[in-house]
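Structures given as structure tokens follow.
Look for chain A in each of the two complexes below; its partner is chain B in the first and chain C in the second.
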Partner chain A sequence: MHMTRRQAIGLGVGAAALILAGPALTPALAAGPTADEAIKAFTGGAEAKAAKVSLSTPEIAENGNTVPISFSVESPMTSDDHVTEVMLLADGNPRPGVATFHFSDMSGEASASTRIRLAKTQNIVAVAKMSDGSFFMDKKLVKVTIGGCGG
Partner chain B sequence: MADPKPRVKVPNTAKAGEVITIKTLIDHKMESGFRKDKKGELIPQQIINKFTAEFNGKPVFSADLRPAVSANPYFQFTVKVAESGTFKFTWVDDNGSSYTDEKTIKVEG
Partner chain C sequence: MFSRREFLQAAVATSAILGTAGTGAWRALAAGQGLMSEADLLKFPSMGNVSLVHLADIHAQLKPIYFREPSINVGVGEAKGLPPHVTGADFLKLYNIKPGSPEAYALSSEDYIALAGNYGRMGGIDRIATVLNSIRAERSDKVLFLDGGDTWQGSYTSLKTKGADMVEVMNSLKPDAMTAHWEFTYGIDRVKEIVDGLPFAFLGQNIFDNEWDEPAFPAMKMFERGGVKVAVIGQALPYLAIANPRWMFPRLSFGIREETLQQNVDAARTGGAELVVLLSHNGFDVDRKLAGRVSGIDVILTAHTHDALPEPVIVGKTLLIASGSHGKFISRVDLDVQDGAVKGYQYKLIPIFSDVITPDKETTALVDKVRAPFEKELGTVLGRTNSLLYRRGNFNGTFDDLICDALIEEREADIALSPGFRWGTTVLPDQDITVELLHNATSMTYPQAYRSEMTGKLIHDILEDVADNLFNPDPYYQQGGDMVRVGGMGYRIDVRKPIGSRITDMTLLKSGEKIDPAKTYVVSGWASVNEGTEGPPIWDVVSDYLKKKKKTISVEPNTSVIVEGV
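Coming up: the complex of A and B.
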């Protein structure tokens, strides 16, 4: 096969990326519930509808060590109708759980921002639990250039 | 290591019923438990595992953190304030210590 100079460089970069990603994927550490299992445990098997939650993430994260994430959930946030919890998951991390936020009727809005670590390109999932026991979710893909779980 | 230093931003004043935004940050390396030291041995996990915000003694917001939260964990969230009072913020470390900060807000009208 004849390769142009450009293709050769592209291959080199790809190989370097693979080498960098390698140590992050230590299988022994990856034990634990998967993202789907974690969602099931959170909802008790109830279906989380893809509505009401809006997750805002960068499309491309250059540095997986600190990826800004924010979410908001549509809710009047009154004492009898509010969001009680929001669980954030990263399905491609060695352990998918990121954080769980607890809201109250004094929260005013069900929204929060934080910064998280992502080991590689993956989906971020936010699942919201409402005070009436229903669940809603949103999912966004984040492309990660440099993973953030050490190695 | 000196105690991690919390930094919190709460508006000084607000109108009754206003939804205010609070920003918090604490210096903490959030050791994930996945990194190795120079000898190739895993560095044990040490993170802030819980953050809580109380207003006049009532919990208003909290978060359970896992190692996927970045170093120097940062949170931004909202609170609807009806009266003047004091916010108390607490961060709980895996090593058993906890760090706190307090801020007062004056609510008018």
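Coming up: the complex of A and C.
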């Protein structure tokens, strides 16, 4: 009934090439642009419609140091119509760039999971670039609390 | 003055065909008040082929208790003004309950002290057993008894036995399934030890191993009742790893996990379930939102926020049931399920008036047995109060005012913080404060009363953070619980504002000075979720304080929190 994480890796994540954001790999983000600037650079100014991308994040982070996030993008993933890249951003971190995932029509599906550190309550943004040059996005607020007194 | 056995009608019942929300049926019953007996309390217009019996948030209260419902329970966003965010006289008006009646006593804070004198304690697991036995005798193979969690924690004996007293007594009542919250504060090893020996299902579709992101406990169980296939899906408190110490169960992750829930509901339907029940510990507002977003759930048995509602709240085709806390009520829902759909229901929130319902002898004997090793300590008198000591309410409770006074005096602090728990029983004026009653308000596995220095800014940040857990307009960001209680400091709160700007005018009460963000204050509190917190257990702090007072204490009404935007 449940697809385990190991199975998920076998199916989806394993097929995507992951490039972590960082000075060595993505110099464009290393200089520290804001999330909006990074999105603009990624899309070349084109509008990213709020559709097709589904971000899955916890509503409230259980541990801000390692927050599990995953995304999937609706696409037939054919040679004519597939996702080429998905950029993940954390708009409230000192460096908003998280990672850019590269896909091809051989990827099978455009989905991936990772864990990120969040400095404070902020939005996670996923922007997908399609093979026809169009862009889609999703955004989710993740709350990072000081510590609860619930009960 | 009538005797406790000659009750006015306290049956709190409703019936309707699914989809017609409304208070009419219940109003008619409430209006027809007459003398009442145990038989009346148990009377129920049986229907259909399945009976769900729901108990939640008993917080280890085996014996009858006093518990005053909140006088303030602010709803925000879409929940503003809706049950359960209706209290006091407004609540009585909404449900057409006669002031002074048994149901007014059971369900509201109105005239609590006088009515407590008339109607006595509520709850008691042996009375609950009587009601359960009666339903089972009547409905035989149609009954599912479901425990919504917060069962093993909240009393002296549950702490001393690490939940074993509750497990033994609950096992004797033969629940069909449970879910959890405070259970996990005994630590993952203890939970596993107990769950391995449970003769029924421990469910949580949202409890995952955080390393592999795999389910850590079964999500659901299928039952057959009255010829109907019933799927019960468990949902533990989504915020366990935030609201309680994560280090006690470091490998677990929770969360609402809406998508997984939808998959589980769909799998239940595909697997032939004709009735899908969510045994939830989400809290009422979270469940209300969830009911509108996850399809295919027939009944959500809510818990966590301790709301007692005399009628179901209906969202789309989903019934939301709120069964109260501390053993004051159990809920019975009869459902007529035909061709895989609910055709009708009857509901009754059954108030457990301890003086009206005859205790079940076997259960009484079992309760006596598990308490016997501790009877001497339980009854030890620490002091006496001439004020009502209660906890529930969004901002203050006199029991927490007492705890804050003790923290300030015993720990030599400027400011005291007491967490906004919703568990803890009520002490009447001119009642002795015993070890048992103090533990009912403090019993937990991380009780250390810390003393530390905090800047004014940090104190403000903490208050803002907790306020957002309570007053975020999106229920999915609400953890449950009430506002952290503050001693030694006053403040103003505007619940409509966003995080960071709700709390203003923080004032140190002893000097009348405004709190300086840059200045350092000595703060004492308890129940920190941080590992390695040091200090004496909170019950020792309060106990020492009471012993030094050597006389009856009184707690004046707290006027230091000014609430706006309600």
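FYI, the second predicted complex is superposed on the first by the 114 of 151 C-alpha atoms of A that agree within 3 Å, B and C clash if a C-alpha of one lies under 4 Å from a C-alpha of the other, contacts with A are read in each partner's own complex, and residues count from 1 in each chain.
Quick note on the criterion: a residue touches a chain if its C-beta (ideal position, glycine included) is under 8 Å from a C-beta of that chain, and two chains touch if they have at least 3 such contacts.
Remember, it's a predicted structure, so these values are computed and weren't measured experimentally.
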item: Contacts of A:K49 with chain B and chain C, given as first, second, both or neither; value: neither
item: Touching partner for A:K143 - first (chain B), second (chain C), both, neither; value: second
item: First (chain B), second (chain C), both or neither touched by A:N65; value: first
item: Larger contact residue set on chain A - chain B or chain C; value: B
item: Touching partner for A:I116 - first (chain B), second (chain C), both, neither; value: first
item: Touched partner set for A:G108, first chain B, second chain C, both or neither; value: first
item: Footprint overlap on chain A, comparing chain B with chain C; value: 113, 148-151
item: Chain B residues touching chain A - in the complex, by the definition given at the top; value: 19-20, 32, 34-36, 55, 58-71, 73-80
item: Of chain C, residues touching chain A in the complex; value: 181-182, 210, 212-215, 219, 237-239, 241-244, 246, 253-256, 259-260, 263-264, 267, 419-423, 461-462, 465-466, 468-469, 476-477, 479-481, 484, 499, 527-530
item: Complex interface listing, chain A residues touching chain C; value: 1-2, 4-6, 56, 58-63, 68, 113, 121, 143, 145-151
item: Residues of chain A defined as touching chain B within the complex; value: 24, 26, 29, 65-67, 70, 77, 90, 93-95, 97-104, 106-109, 111-118, 148-151
